[in-house]
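Here the chain labels run A, B, C and D in written order, and each chain numbers its own residues starting at 1.
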Amino acid sequence: MSRGTGSPYLKTTYPSDAALLGTPVRRFWLAVFGLAALGFPLVGTPVLMDLLCRTAVAVVGAHALNLVTGYAGQVSLGHAGLMAAGAFTAGILTEELGAPFWLALPAAVLVGALFGVVVGIPSLRLRGLYLALSTLALHFVILYLASEYQSGRGFATGLLVPRPKVGPWTLAGATAWYYALGGVATLTTLFCLNLARTRPGRAWMAIRDRDVAAASMGVNVAAWKVLAFVVSSALTAFGGGLWAYYLGFVSVEAFSFFLTVEYIAMVVIGGLGSVLGAILGATFVTVLPYAVDAIVNLVPVPDRVHTHLFAVKFAAFGLLMAVFLILEPRGLVSVWSRVRTYFDLWPFRYHPLKG
Amino acid sequence: MTASLLEVSGLEVVYNHAVVAVQGVSLRVPEGRLVVLLGTNGAGKTTTLRAISGFLGSDNAEITQGTVLWDGQRVGGLQPYEVAGRGITLVPEREKIFETLTVEENLATAVPARRARGESRRESLDQVFRHFPVLFERRRQTAGYLSGGERQMLALGQALLCRPRLLLVDELSLGLAPLIAGNLLGILERLRAELGLTILLVEQNVAAALKIADYGYVMEHGRIVYEDTAPRLLGHADIQEFYLGVGREGRAKSYRDVKQYRRKRRWHG
Amino acid sequence: MAGTFRVLAWLAFMALLVISTPALAQEPYKVGITAAITGPAAVEYAARVETFRAYMSKVNSEGGINGHPIQLGYEDDRGEPARAATNAKKLVEQDKVVLLVNTSVSATYKPVMATVTEAKTPLLFGGGVCPQEVFPPANPLMFCTTSFAAQIDSDFAVRFMKEASKDKVRLGTATMDIPIARIGIDAAEAVGRKIGIEIVGRVTMPPGTADFTPFSSKLKDAGANWVFAWSPWSFEIGPYEALLNLGWQGNYMLYGHQQPIDAAYPRLNRENLYALVGASILAEGLPELKAMQEIAAKHGASRLDVEGGVAAVAVHEALKACGWPCSREKLQGAMSGLSITVKGVKGGPIQWSRDNHFRTEQWYKVYRWDSARQRAVTAKEWTKVDVAEKLKELREIIK
Amino acid sequence: MQLLANTLALASIYILLAVGYVVVYRASRVLNLAHGELMMLAGYAFFGLVSATPGHPLWAVPAALVVSFLAGVGVYATLVRPMAGHPLFSAVLVTVSLGILLRGLVLLGWTADILYPLAVSGYKNVPWPLPGGAVLTTIDLLSILMAVTVLLALWGFFARSRLGIQMRAAAENPLLAAQRGVNIHLVFSLSWGISTFVAGVAAILYASKVRLDPEIGVIGLRAFPVALVGGLDSLAGVAPAGLAIALLENLAIRYVSPLLSDVVPFLALLVMLFVRPWGLFGTKEEIERV
């Protein structure tokens, strides 16, 4: 699942490799985690609930990026652009046609898939950095279109997106959003796990590791590459749509290139090519700035230097990211795998030499 | 045997904190000798060479046990360029030259070992061109366009400019026509005689290597399983069977036989 | 292990310190502020927030309002809409502020509005551009104190040029490519055409612009003898300096952001730079501004930004009018009929009415630099514009 | 004529910045996304030194360049070297984090206010009329001169000097270079130092001509397409790419739409990607390796 982390967990049968939940122990802990998540609104403050909701949206986006970059090995810098495409599709349909969310969200997914085809095609010719830059160009094109729409239609500061409604029932309030977004994030995770452990996942990893070898083994490289972009972009646009509905507005400024960097940070910090990594990374990157804020706020300072604390927070965030990446360049999943390795091999440090 | 210039004892190398590549490897290379390290693919020969030359860090590998003594001092854990500065130079198996640089520039990259810093660069260069005249002819060419044999010569030339006391050569004849490989081994022997070099050679071409070597070690599965002087190794029945493909009755064994045999038999030095 | 314990002990000590800080003697007025304190827009906003905070400190040091201190909750939004949304949620839903202040870029307005609308909390735009929602017919929850009002500013500026110029005005315009600035420049051109000014060229500069020279040389070659700029500060002064470097001799008019224009006048020492303002600048040396500067300095603000001070005065007055206890509804009611005088800083009072939360009348002044006397002088004295009437007129002109 | 003069002035700044990307990329295969912020840092160093030594503004120039050089060496030693052998993405993200850190530090030290080092130094940026009716300022002329000097000096260094050749060797195959006795850490820190040194030159010129604030790092991102169009591993490509993009920008501003100038570098890049994906002068194999 993770590469280069030296996990001794080599699986010996296909069923065990394809199993979603390996052992009873894992099932037990997952159940505990699930119950804790379900009960969280009883104790969560509004800020924590909001943070978790945003994490759930980020998990969807991080999964999407991880599919194309982590599994298929195709670097995409157009992530913020694709999120914007989804968010604006939802926003415009709601604003112009009064479309309900159960029409607007699928439409966003469709638009995302179309853009996926558009970026997928250059990926047949370009690689690595240069492919990444062509996806970056897509980002600029989408944002240009969105800003033309925004200023052309007189929404100088963005569009308000109303709360989703089904019949008489409106999705409002922190708890409702928490369950809704948590459910969506869980379903997305299952979807990605299934993709990763079945044929598409294998094909993408083969292409990532060596596309020539993959082709010679009968993998249709072109089709699978484009498919990776289509699935990822559709999911990204879906994430963008969720973002728009949750935050209640859409505007060009919300989808700057820095958002792309944040998502890349999520999948890298989590651990490229790992579903668990995407979740951990999304949580880490979403929560870290607020954690830094909370810690810096603990330092008692006189009122007069209070505003300077924000520069400290800003710098501390950069410093923490850098330190983390230097200490754990292979991401949180690698930490996780090392811990498991340690307990698996205990009291030895590594497997004894065979033979 | 005289005092060893290089003495490796009880070496253990682990990749990724989990996979052991070599274990308990001990070997000695006395001054002025040519020692050959034999073994099949994956036996741990290259890992041993890389451990000596300080290359392991970049492969996420580390020496977990044992020592590498060079002229009585520990070198294990030094940076590669520091090892080179002490007079140990490696000619690696692949990527042995800078392909985008010209031949001349390739030679310019070599930094002489510390004890030789005062010597004239001109003279060393002339020496290299004398041994490898083809390099002089092609000095303005981009190295990427050289043939396999010329690449090997350029790599050896670069290594010589580092003014080593110990030359580690990994697979000198890999991918070369037998005639060219033979020539190169010949040149290597002449260099040793002329410059008084000490050489540790990893080689698949067992027969040719043992002809010029003084002493040999056999590695398998990350351990040294056998060692002896070169002539005795050449006459050893197992060596003949496994590496020279000659059966006990003087006929070549089929691959299948050898495979069966290997599974049953354990080596004992 | 010892290290870990030391860290833990230290943290525990810090926590104790925080907890044991003497509880405020009185229950406070809770005010929240989300602002661009860091990030790209901080150039504009950081000084504004600092001045605001310094004024609040001064109020607290003098015993607060009606015997209750003001408790200010800051959040930094870095000019990013998503962060502003989270900040607003925190301040409104968790900290339960009675008033939310937004001192940030216009991109953060929509998410903040979404939150206050749900929670029925009054929102004051104190430092940014006043949005449509505060002009008549105003959204009952939203108020604005700043002097910038894109269309009305532009209208006043071009009328001033026509009045001040003996020759025919050939106007070039420069704007940063953000929606609000485009709206301002559109208005300037429409009004200019209407009153008989020739519009010779317009440059829209992308936010990432590195070099202003190509833009300025286009304006110069178009033959402009007046140039008008309405943008964030860097994009007003940048084209001007580039024009100077090209040897251009015309007149330049910009919106005078108070703090930077104060620094720019003596540095550039040029006669042809006109600044349209809604609040006085320090260089004029008015005692009221000096007093404001002293307050800021005394309470730890390294620099003064008048808009921040004005917003602070407005919050002070609003809370005073609200009395104690002050609920969100009560405050909103109190603000809707408030009149705030900021003597010496503005030409007239800030007056909010039931359907106009920007101000019923807008006052302008124009400065230029006198290089002989080395000080800013008045090119046009405080002039009143009736907002509701002007908006109606502009709607006619622009369509 | 003015169009050409503007092109030269803009191109010279682009070139000075793009050189930094290329030198660092060649040495450590890292896209230094903090290049703009390192340039900004040099600008603040210059401002700080000018303010600290009133009356001797010229001393601040070499001093700021030394600080800038050391900053590059420091970044390599503390942030980039530990990332060797790890996923490239992580290293790139480290530079992003560094950019954030630097902006935070500058905010702490100098606030977000706009600063004008030239005004503090007491010098003036004077316009000079050129033949043909064009005008360039002292700083513009200096920028052009510096761009040419830097390119020639670097070309000479990499083609002729042994250290330069060793740097190229280390860039191609660091392990082999190390085996040949090249102190690769020295060589790589030198590359970073050279990169930030040249960025320092750009910073001093830019801050003197336009302004200094914590956001001027964004022009680093504008020079990025220049490096790519020229070929990320090719110094020779920087000059034509810088000139071409600056010319396209100027043409777009004058004859098409000023707004387009923002997109022009990326359009040029896109065209380049489809025609010659490895850049004007880049090595073809480069693409495989990233």
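In the analysis below, a contact is a pair of C-beta atoms (placed from the backbone, for glycine too) under 8 Å apart; a residue touches a chain by one contact, two chains touch by 3 or more.
Since the model is a prediction, treat every value here as computed from it, not as a measurement.
If you take subunit A and subunit B together, the chains in touch with both are D. Of the two chain pairs considered here, B-D and C-D, the higher C-beta contact count falls to C-D. If you average the Cα atoms of subunit B and of subunit D, the two centres end up 43 Å apart. Subunit D has its Cα centroid 35 Å from the Cα centroid of subunit C.
For the pair subunit A and subunit D, the distance between C-alpha centroids works out to 32 Å. Here the CA centre of subunit B is 73 Å from the CA centre of subunit C. Contacts with at least two other chains are made by residues 60 of subunit B. Residues of subunit A in contact with at least two other chains: 310-311, 313-314.
Residue numbers of subunit C whose C-beta contacts span two or more other chains: 38, 46.
The part of subunit D that touches subunit A in the complex is made up of residues 31, 79, 82-83, 86-87, 89-91, 93-94, 96-105, 107-108, 228, 232, 263, 266-267, 269-270, 273-274, 277-278, 287-290.
Partner subunit D is touched in their complex by these residues of subunit C: 38, 40, 42-43, 46-47, 177, 203-215, 217-218, 221, 233-234, 237-238, 241, 244-247, 259-260, 263, 267, 302-303. Subunit A makes touch with subunit C in their complex at residues 45-47, 50-51, 54, 150-151, 156-160, 172, 174, 247-249, 251-254, 256, 298-300, 302-307, 310-311, 313-314. Those residues of subunit D whose C-beta lies close enough to touch subunit B in the complex are 84-85, 162, 165-166, 168-169, 172-173, 175-185, 283.
Those residues of subunit A whose C-beta lies close enough to touch subunit D in the complex are 75, 122, 125-130, 133-134, 136-137, 140, 144, 261, 264-265, 268-269, 272, 308, 310-319, 321-322, 325-326, 329-331.
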